[in-house]
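Consider the two complexes below, in which subunit A is the common component and subunit B and subunit C are the respective partners.
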Partner chain A sequence: MEILGHLLDGFLVAFEPLNLLLVVIGVAVGLFIGAMPGLGSVNGVAILLPMTFLVPPTSAVIFLAAIYYGAMYGGAISSIMLGIPGASTAVATTFDGRPMALKGLADKALIAAALASFFGGTISILLFTGFAPALAHVALDFGDPEIFALMLLAFATFVGLGGDDIPKTIFSICIGLVFSSVGMDIISGEPRLVFFDIIGFMHGINFLVLAIGIYGIGEMMWTIEVTRGNPKMSEAVVTVERTVSALRELLSTWKTALMGSVLGFFVGILPAAGATPGSLMAYGVAKMTSRKPEEFGKGEVAGVVAPEAANNAASTGAMLPMLTLGIPGSPTTAILLGGMVIWGLTPGPRLFLDETEFVWGLTASLYAANLFAVVINICFIPVFLWMLKMPFTVLAPIIFVLCLVGGYAPTQDMHDIWLMLGFGVGGYLLRKLDYPLAPAVLAIVLGPIAEPALRQSLMISNGDFSIFVTRPISGPITIIAIILIFLPVFQFIRKRSKKNAEAGSI
Partner chain B sequence: MRRAELVTAVLMAAFSIYLMWKSAELEVGWVPDEGPGGGAWPFWLAAVMLACTVWIIINWFRKSTAPAQSTARYMDSYAMNMFLLVGGGLFVMIGLVHFIGMYGAIPIFLVYYLRILGRHSWTLTLSTSIGAPVVVFFFFDIAMRIDLPKGYLEPLFFPLYDIFL
Partner chain C sequence: MSTKRQFLKLGVALSLGLAAFGLTGVAEAWEPKKPIQFVIMAGKGGGADKMARLLQSVVEKNKWSSKPLSPINKPGGSGAEALVHLKNAKDPDHTIMVTLNSFYTTPMRQPKLGVDITKFTPVARMAEDTFLLWVNKDSGITNVDQFVAAAKKAGNNWIMAGTGKLQEDQLLTDFLNAAYGLNMKYIPYKGGGKVAKQLAGNHANSTVNNPSEQEGFYAAGTTVALAGFTDNRLEMFPDAPTFKELGKDFVYYMQRSVVGAPGMSADAAAYYKALFAKVFKSPEWAKYRKKKSLQGDLLQGDALMAYWKKERAIHRAMLKKMGAL
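Showing the complex of A and B:
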């Protein structure tokens, strides 16, 4: 009952005219960003975060959360119409969405994606409202060893579930953590890693410099290279009659949508995993449990419903550890977390006690964002289709300009702009060689929390690392993290022994 | 692609060693009553980075990853052109900010990109190149009071400051 009271207060915050306006703008911007190939929620949030210094922190987070949300809806649009995922979170949507569009059922796929997203969003926000306060309550007892164990879990998730090359993933995590330690050593107060004695490094490397460099400049260059001219777009016929019949057919997929939502939510909660693995897993499970698995990949509507419900649910799920534990559940929430620190909010379980207005305002605004997203999405399908035709040579320079001014705003130092360009170019070159970059962005946000937690823990234990395994809460978390790190090794050994067995049988 | 993979790994290994050396300027070992020294955290992380690059190089010899097998060019002519034109454009734009400020550099960059790289009409080019800095000015300098660099163009803005600030 207490939760309902809080939620009601939250709605009062969410429905303040400024916040409501920001939700609507955020959702529309998010839909656009999500729909553009190569741009996803993480790019949008990274590039636009500096623009939110204009409004109070609560409104700023509400705006960014709305972008995050809208982008999850928007990603499906280009997956279906162009066959290129609008964001990595919508990769699974191309598997069946594109074949549907090629069969002339683009309108049905778009509506299925929008409604599945709405369904996933709704279920996950309900779960969020139920789980968040309880988890925050438990987390109040967390000490430094527990916090460090959670960090370890976040990085381990990338190694175990990220699916990228393992040494390159670990490399990316470590380089992000090292960059986060540039500047001043908090405990001894000495300057640290001031490269070539350049004074600009004294204030450290702001996470936004790395995030905008990688997601604004590096990703854009990568997208320009990969898309090479404009891809072919499918036609969509939208009529009321067709919409109604599509709706009727969708009703039969509610089980798939429910499975996708719940699965997506819980995968989203896992630190660092986020919406991409969530939607891929939901697609896999939907195919496995379907009565006609052979139809998947050829334009089965359930194949659009499952990943779309899951990626929206996961984006809400990712907010849960960010708000309750101070550990982001996805790269986008990592940037939101960094933003919260800039705005003077301390992430972690105390938020639920000290900043109730912020927490519940944000929660309530998620409900609002979800509703607006589905309405705007369905009503403006033709507008989004028209915008998809916008040439990249117009969008790209505008984004570069936004990166330039946005990168300057937080620290107001030209040194950071040059650094941003360096990170962008470096990120682009590494990305071409399959180095994953999201772990580095997550690491630079988490570094300033992880390092003191590790050092304090070691001070408590006098340098004994067993402190992380022997404490009742940090123990299991550390063990899960270690298992996740070694997961790919187990898979490798299994594959190899299978291969040997096959070779033996011949 | 294969050569680029190796060169990158070796460069990154060298960078890791540099980071380790740089971290070692601070205490890397255990400081009594203080816990690990200030350099320990980055030092050991850089050591892990070095280990990863060695692992990547081993994978390169075993040809077990996609970039280590690929015979495609790392930078084909399209990628190289794009890299030089876009990256170079950004480099020049940021360089110009030091002299003529954001409001001089942004329109020049937009005209370069839209007209020369994008081959768009002059109407679109000019409306964007003039519109964007105006929006940026009102958003940053006026609404957020973040003073963007103006370089030698600063005097031109005095009348605007008088009106809006």
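Showing the complex of A and C:
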């Protein structure tokens, strides 16, 4: 009952004219960014975060959450129409969405994606409303050792679940950690890593500078190179009759949508997992449980419904650990987390007790954003299709200007602009060398939380590391984190020995 | 069309009139010609930031300045970045800053910056913030004697959480250790809010927070104020004696002042002095001072400079005693 009361208050906040307007604008902008090849929710949130310093924190997060949501919807559009995932979260949508478009069923695929997203969003927000306060109740029990254990877990999941090249992931984390330690060291009271005594390094390297550099400038350069400026489009016809028949067929996929939503939500909660693995897993499960698995990959509606329901559900799920524990569940929420710190809010167990208006305003606005996203999406399908035809050579400069303004706004320091351009070029080169960049952004956001917590814990324990395993909350978390870190190492060794054995048998 | 033309005529007449007014010369009429950069020597969301934004809102609400104050946070290097920014200000007439006690200690600790605070332009000391000694209610401690006994018994395992290294909170901890023969362990955190939460969650044994940092937990009955580092008892905490009353002659305050960039013209300085004197007298500021238990009268110009020199000497002596200089 208490929750309903809070939620009602939240709706009052969400429906303030300014906030409602921000939801609508955010969803529309997000849809468009998501629909652009190569740009996803991470890019949208990173580039537009500085704009939010103009409004109060609650409105700011509502705006960003709306962009996040919109981008999740929008990602499907370029997956289906261009065969290029709008973002990594929409990769699974291309598997069946693209074949449907090639068969001339693009409109059906788009509607399926929109409605599945809406379904996934709704289910996940209901789950969010139910779970968040329970997790928030551990509130004050989190001291430094517990916080460090959580941070360790976040890094571990990135290494363990990342699945990519593990040494490269660790390298990327290390780069982020080094950047995060530039500036004033709070424990010793001394400045450190102030390169060449440049005063601009005194305030440290703002995560936003790194994030915009990598996700704005670096990504844009990457997209220009890959698409050569003109991605390929397929045609679509939108009529009322076709829409109605599409809806009828969609009704039969409700079980798939439900499965995708629940699965996506819980995978989304896992730190660092995020929406991409969530949607891929949902696609896999949908195929396994389907009565006609052979149709998957050839244009099966359920193959669009499952990942789209899952990636929207996961995006809500990923907000839960970010708000309640201060651990971002995805790169996008890592950026939101950084934003909250700038707005003067402390994510973590206390947020639900200290900032009820913020938390419930955000929750309520998720309901609103979800509703607006589906309406705007369906109404604007023809517009998006037209806009996607705009040459990238027109869009790229617009994005570039947004990046520069965004990098300058928070500190009003040219130093940050140069740094950002450097990160853009560096990020582009690292990407060409197949380095995952999300871990670096994660590290620069979490580093300043993890490092002092580690050192403060060790000061409390007089340098004894057992403080992390002997306490009731930090103990289990630390152990899980260590197992996750070593899991890939074991797998690596096992694969090796297997290979050796095979080599021996030959 | 005609109304537009009339309007234009009116404008021309007005500006001519103004120019004439300016020529006949009322010297004090210096006005800002562009937005005033309002540097905040601390991060967003902290006490100093909230106060600075309140000052800004009072000025804007009452339309006391023809150009807006545009706040910008420069927390880097315990205020080093902000001090250097002011020192190198290209337009000193439009650059002012809200400052705290790191105004004295940071230039001492980082002599490489080459900042001499006596070159800065004193505008107004708006208040002095106070410090109290806090414990968690669960500890059962209700007075300083019990606190001393418990902390003595715990020795080095007694945790005092505070803001930053070799800043206000650590100076106070050092005083308590020396005055009562304690060996408390000082652990630095990034801000007063974080420190307050450590105490509320029983992760620290005591703190020396400002009232504004503990007010939430104090109101909820989670934390208890034992004694104040002030000259007189604070209205909000009538049961907490001062350390003076307890026989330890130690008072310590945190300045909340507005300072102008070095090289600011006398006319501009006079303008800002008058502006912040008006803010000081506003009902909004009075209410804020009362709510946050702020002390200290308005100090301006030479009186403020004298106060800075006195405080700087005190801080130098304290840091020397701690071996930090």
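FYI, the second predicted complex is superposed on the first by the 485 of 506 C-alpha atoms of A that agree within 3 Å, B and C clash if a C-alpha of one lies under 4 Å from a C-alpha of the other, contacts with A are read in each partner's own complex, and residues count from 1 in each chain.
To be clear about the criterion, contacts are C-beta pairs under 8 Å (C-beta built on N, C-alpha and C of every residue); 3 or more make two chains touch, one makes a residue touch a chain.
Model, not experiment: these values are computed from the prediction.
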With the two structures overlaid on subunit A, would subunit B and subunit C clash, or do they fit side by side? fit
Return first, second, both or neither, reflecting whether A:401 touches subunit B, subunit C, both chains, or no partner chain. first
Once chain A of both complexes is superposed, is A:204 in touch with subunit B (first), subunit C (second), both, or neither? second
Computed vertex angle (subunit A) for partners subunit B and subunit C, CA, steps of 10°: 70
Taking the superposition on A as described, I'd like to know which of subunit B and subunit C A:342 touches: first, second, both or neither. second
Should A:418 be classified as contacting the first partner (subunit B), the second (subunit C), both, or neither? first
Which partner does A:188 contact after superposing on A: first (subunit B), second (subunit C), both, neither? both
Report for A:242: first if it touches subunit B alone, second if subunit C alone, otherwise both or neither. neither
Would you check which partner chain A:456 touches, where first means subunit B only, second means subunit C only, and both and neither mean what they say? both
Counting touched residues of subunit A, say whether subunit B or subunit C comes out ahead. B
Closest Cα approach, subunit C to subunit B, once both complexes are overlaid on chain A (Å): 6
Per the definitions at the top, what is the overlap between the subunit A residues touching subunit B and those touching subunit C? 187-188, 190, 412, 456, 459
Per the touch rule, the subunit A residues reaching subunit C in their complex are 139-144, 183-184, 186-191, 194, 197, 199, 202-204, 342-346, 350, 354, 411-412, 452, 456, 459-460, 462
Under the stated contact criterion, what part of subunit A meets subunit B in this complex? 51, 53-54, 165-168, 170-171, 174-175, 177-178, 181, 185, 187-188, 190, 192-193, 195, 217, 221, 224-225, 228, 391, 393-394, 396-398, 400-401, 404-405, 408-409, 412, 414, 417-418, 421, 424-425, 428-430, 432-434, 451, 454-456, 458-459, 463
In their complex, what parts of subunit C are in touch with subunit A? 44-46, 49, 72, 74-78, 80-81, 84-85, 109-110, 112, 156, 159, 164-167, 185, 187-190, 193-194, 197-198, 200-203, 216
What does subunit B use to touch subunit A in their complex? 1, 4-5, 8, 12, 19, 22-23, 25-27, 30, 34-39, 41-42, 45-46, 48-49, 52-53, 55-56, 59, 65-67, 74, 78-79, 82-83, 86-87, 90-91, 93-94, 97-98, 102, 106, 109-110, 113-114, 117-120, 124, 128, 132, 136, 139-140, 143-144, 146-149
